[in-house]
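Here chain A shows up in two complexes: once beside chain B, once beside chain C.
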Partner chain A sequence: MSRIEIRNVSKNFNKTNALKNVCLALEPNKIYGLMGRNGAGKTTLLNIISNKLFASSGEVLIDGETAVENDNVQAKIFCMAEKNIYPVNMKVKDGIKWTKEFYPKFNTKYAYELANSFELNTDKKIKDLSTGYNSVFTLILGLASGASVILFDEPVLGLDANHRELFYRELITNYIEQPKTIVISTHLIDEIAEVLEEIIIIKDGEIILSEPVDKVLLLGYKVSGDCTKVDKYTKHKNVIREETMGRFKAATVYQNLDNVDKESIELLGLEIATVKLQELIISLTNS
Partner chain B sequence: MNSIIRATKYQLTMFIPQSLLCISIIALNILISITVSYLFPGSGISAGSSDSVAIIWIFIIGLISFTSTFKFMLSNSVSRKSLFWANILSMSILSVALATVVTILLWLVSRMNIKIIVLYTLIYKNNSVIGIFIWLIGVFFLLIILGWFINMVYYRSSKGMAYVISFSPFILSGLIIIINLTTNGKLFDYIIKFIVTAMGFSGSIPNPYVGALSMLIFAAIICIFNYLLIRKAEIKG
Partner chain C sequence: MQLNMSSEKPIFLQFAEELEDNILKGIFEEETQIPSTTEVAIKFKINPATANRGVNVLVDEGIIYKKRGIGMFVSTGARDKIIAKRKNAFYESYILSLLEEAKNLNITKGEIISLIERGCHNEQN
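For the complex of A and B:
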């Protein structure tokens, strides 16, 4: 069980502010989705938590202890990087052997079972693996690591639909058998939506939303119909996306829908529809 | 402490194939010398210097020792501080191990009465086994630490800075020549005097132990810079 606290973390790369005063608390044994557009700061945040990068200011605490240059704290975290950072000449089976060396709770038997399920040849060198199998290799290490915090940065990059499905299934099984804090950064939102408990949206280096998935889905809805009527309804609402086609307009609203709102929609003769998580995130990150 | 031991174990495992290759080259070099001495007895022909091969090789090991290991270690929860100490430990072990193997090989060759060039003998004009062993430890440790330092300097530098660093030896040597000219050759005199003293040539008999000690002191100084370079290093790319 590990609680992660990110306090006022900022990160600058020369003149670019990759992260701006990020404050976040990740509760133990929950699955978080870290969403955002390319370059929003997702990888930077994960790399700061896992001590690969230093924050320009602020601090990261794991169970109350600093995560910076702390071997004991870092032993609780496994971070699957988007890019391969393993020696290219290393064989997959050696990668498994060495990860066991650094993560004492690493389950070698489980790692080989996963390799078998994903049809990963453990005798192959890492440099000979395709992009998809590179992802498979590192996600196997993550799942078998036994760490109480697992950070997945683009875990399904290059994976075919079958392997993605297998990963989501294994992730759930692993989580049920051994609850842990999992953070998944991915662009395939709809696929992962059912797995996630909480969602964190990062935009231009700032956290714009951190809520349970159910709550986010409840708050988002779409009203459509005549342009002027939609405008009348949404006048004092938090509209995150608008699409117009002639006299027809559809507006995505991110605000609590109460009975008064429902009556107004009915009176104005507008259509109401639920919004998929992916659509909602696209709207929130574009608004 | 556990992280340091694990990282040392990893680093030593990575050094093994490179070291075996180095020893194979030295063995091949000796084999050529043996063959030559049998084919052309008394000709005085010999293959290249065996200890020089190891000296060049260990410098190359140092040059390639950092980047890949650094990324792997940070991915496996090892801090920079632990990696620094693990590197010192593994490089010390490698220096002593390689010095032992090279010394034994050279001793065996000398017992077989085969002519072979030994850099140490050329410099210090003696064949002392302990002298070779201690001097090789000093040279190996200094060069592997220097290689690691150069690797880190390039890793930490931006592209532009890497070019500046690549050209800096030429700029520096030019600068030294100019300073030397303006001081009527005094700078070169000081440098030569310093090298002669540090390498143990100031007395009537060259002293390899002074040379070894000086090289270990240089290595310790470079280690301070290595620590400063590693402590704020970040994953790149």
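For the complex of A and C:
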């Protein structure tokens, strides 16, 4: 059980503000999805939580203790690492042994079982793994780490559909058997939606939303029909996306579906529909 | 069981409806045990909290009940309850949308009725 508190965290790289005053609390034993476009700050945020990067200002607390240079705290967190942190000639099986040194609760037997299910050759050198198998290797380490917080940074990168499905299933099984806080950053939104409990959206270094999945789905809706009527309806509303085809127009409105005046939509002869998660996130993160 | 993740309906409601479908079809019989939420969560790769919410909808409606430490069971009379509930929704979800599409296509009331009769006839054969 670990609670993560991110307080006013900013990160500057030269002149780029990668994170701007991020405040976020991650509750114990929930599965979070971290969504955002390339370069939005997802990896930077995960790297600051796991002490791979220092924040320019602000702090990260794990169970009330600072995450910076704190071995006691970092032993609770597993963050998917990039390939190049491993020694050049290290084999997969040595990588497994090595990870056990850092994570006292690491389950070697489980790691080998997973390697077997994913058909990962543990005698191979880590540097020779394909993109997909490199993802498989690191996600196995994460699942077997025994850490109470696992940060998955694009865990399914390069994985084929079979392996992605296997990963989602293993993740849920692992989570049920040993509840933990899990953060997953991914671009495959619709695929992961059912696995998640909460969604965090980051845009240009700022958290623009952090809500339970079911609530997110109610945050917007689509009205469509004759374009002048759609315009009339959306005049004083927050429209986050518009598509037109001839006289037909569909507008995505950012307003809670529960507060919608359905009668006025019907009177105008317009159609109302809910928005899919992926569509909503695309609309919210468009520049 | 098939959950449609791209549908706009919340996943927990889809899950609840799937359980209802299986009760209606007699796959889950009254007073028999149904799979646990953890089993279902793993099988369908859904968050256990979501599976729980779906189950709780049916518990609140008295369609299934929980036995502490044992599991979940289909209530007596569950089938009738589901049928009654769905009959109420039938008008809204099927008849109204049928009439709307018929209007778009200029299909008359008489034509709709004869189409329904044709459907019933084919069903019987």
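Please note the rule applied: the second predicted complex is superposed on the first by the 279 of 287 C-alpha atoms of A that agree within 3 Å, B and C clash if a C-alpha of one lies under 4 Å from a C-alpha of the other, contacts with A are read in each partner's own complex, and residues count from 1 in each chain.
The working rule: contacts are C-beta pairs under 8 Å (C-beta built on N, C-alpha and C of every residue); 3 or more make two chains touch, one makes a residue touch a chain.
Here the structure is a predicted model, which means the values were calculated and not measured.
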{"item": "First, second, both or neither for A:118, with chain B first and chain C second", "value": "neither"}
{"item": "Touching partner for A:99 - first (chain B), second (chain C), both, neither", "value": "first"}
{"item": "Touching partner for A:194 - first (chain B), second (chain C), both, neither", "value": "second"}
{"item": "Chain B versus chain C as contact partner of A:152, first or second or both or neither", "value": "neither"}
{"item": "Touched partner set for A:52, first chain B, second chain C, both or neither", "value": "first"}
{"item": "Touched partner set for A:69, first chain B, second chain C, both or neither", "value": "first"}
{"item": "Contacts of A:217 with chain B and chain C, given as first, second, both or neither", "value": "second"}
{"item": "Partner chain(s) touched by A:276 [first = chain B, second = chain C, both, neither]", "value": "second"}
{"item": "Residues of chain A contacting chain B in one complex and chain C in the other", "value": "none"}
{"item": "Complex contacts: residues of chain C adjacent to chain A", "value": "3, 5-6, 8-12, 38, 41-42, 44-50, 53"}
{"item": "Contact set on chain A toward chain B in their complex", "value": "47, 50-54, 69-71, 74-75, 77-79, 81, 83, 85-88, 98-99, 101-103"}
{"item": "List of chain A residues in touch with chain C within their complex", "value": "30-31, 165, 168-169, 172-173, 175-176, 190-191, 193-197, 213-214, 217, 273-276"}
{"item": "Chain B - residues contacting chain A, complex", "value": "2-3, 6, 9-10, 14, 68-69, 71-72, 74-82, 232, 234-235, 237"}
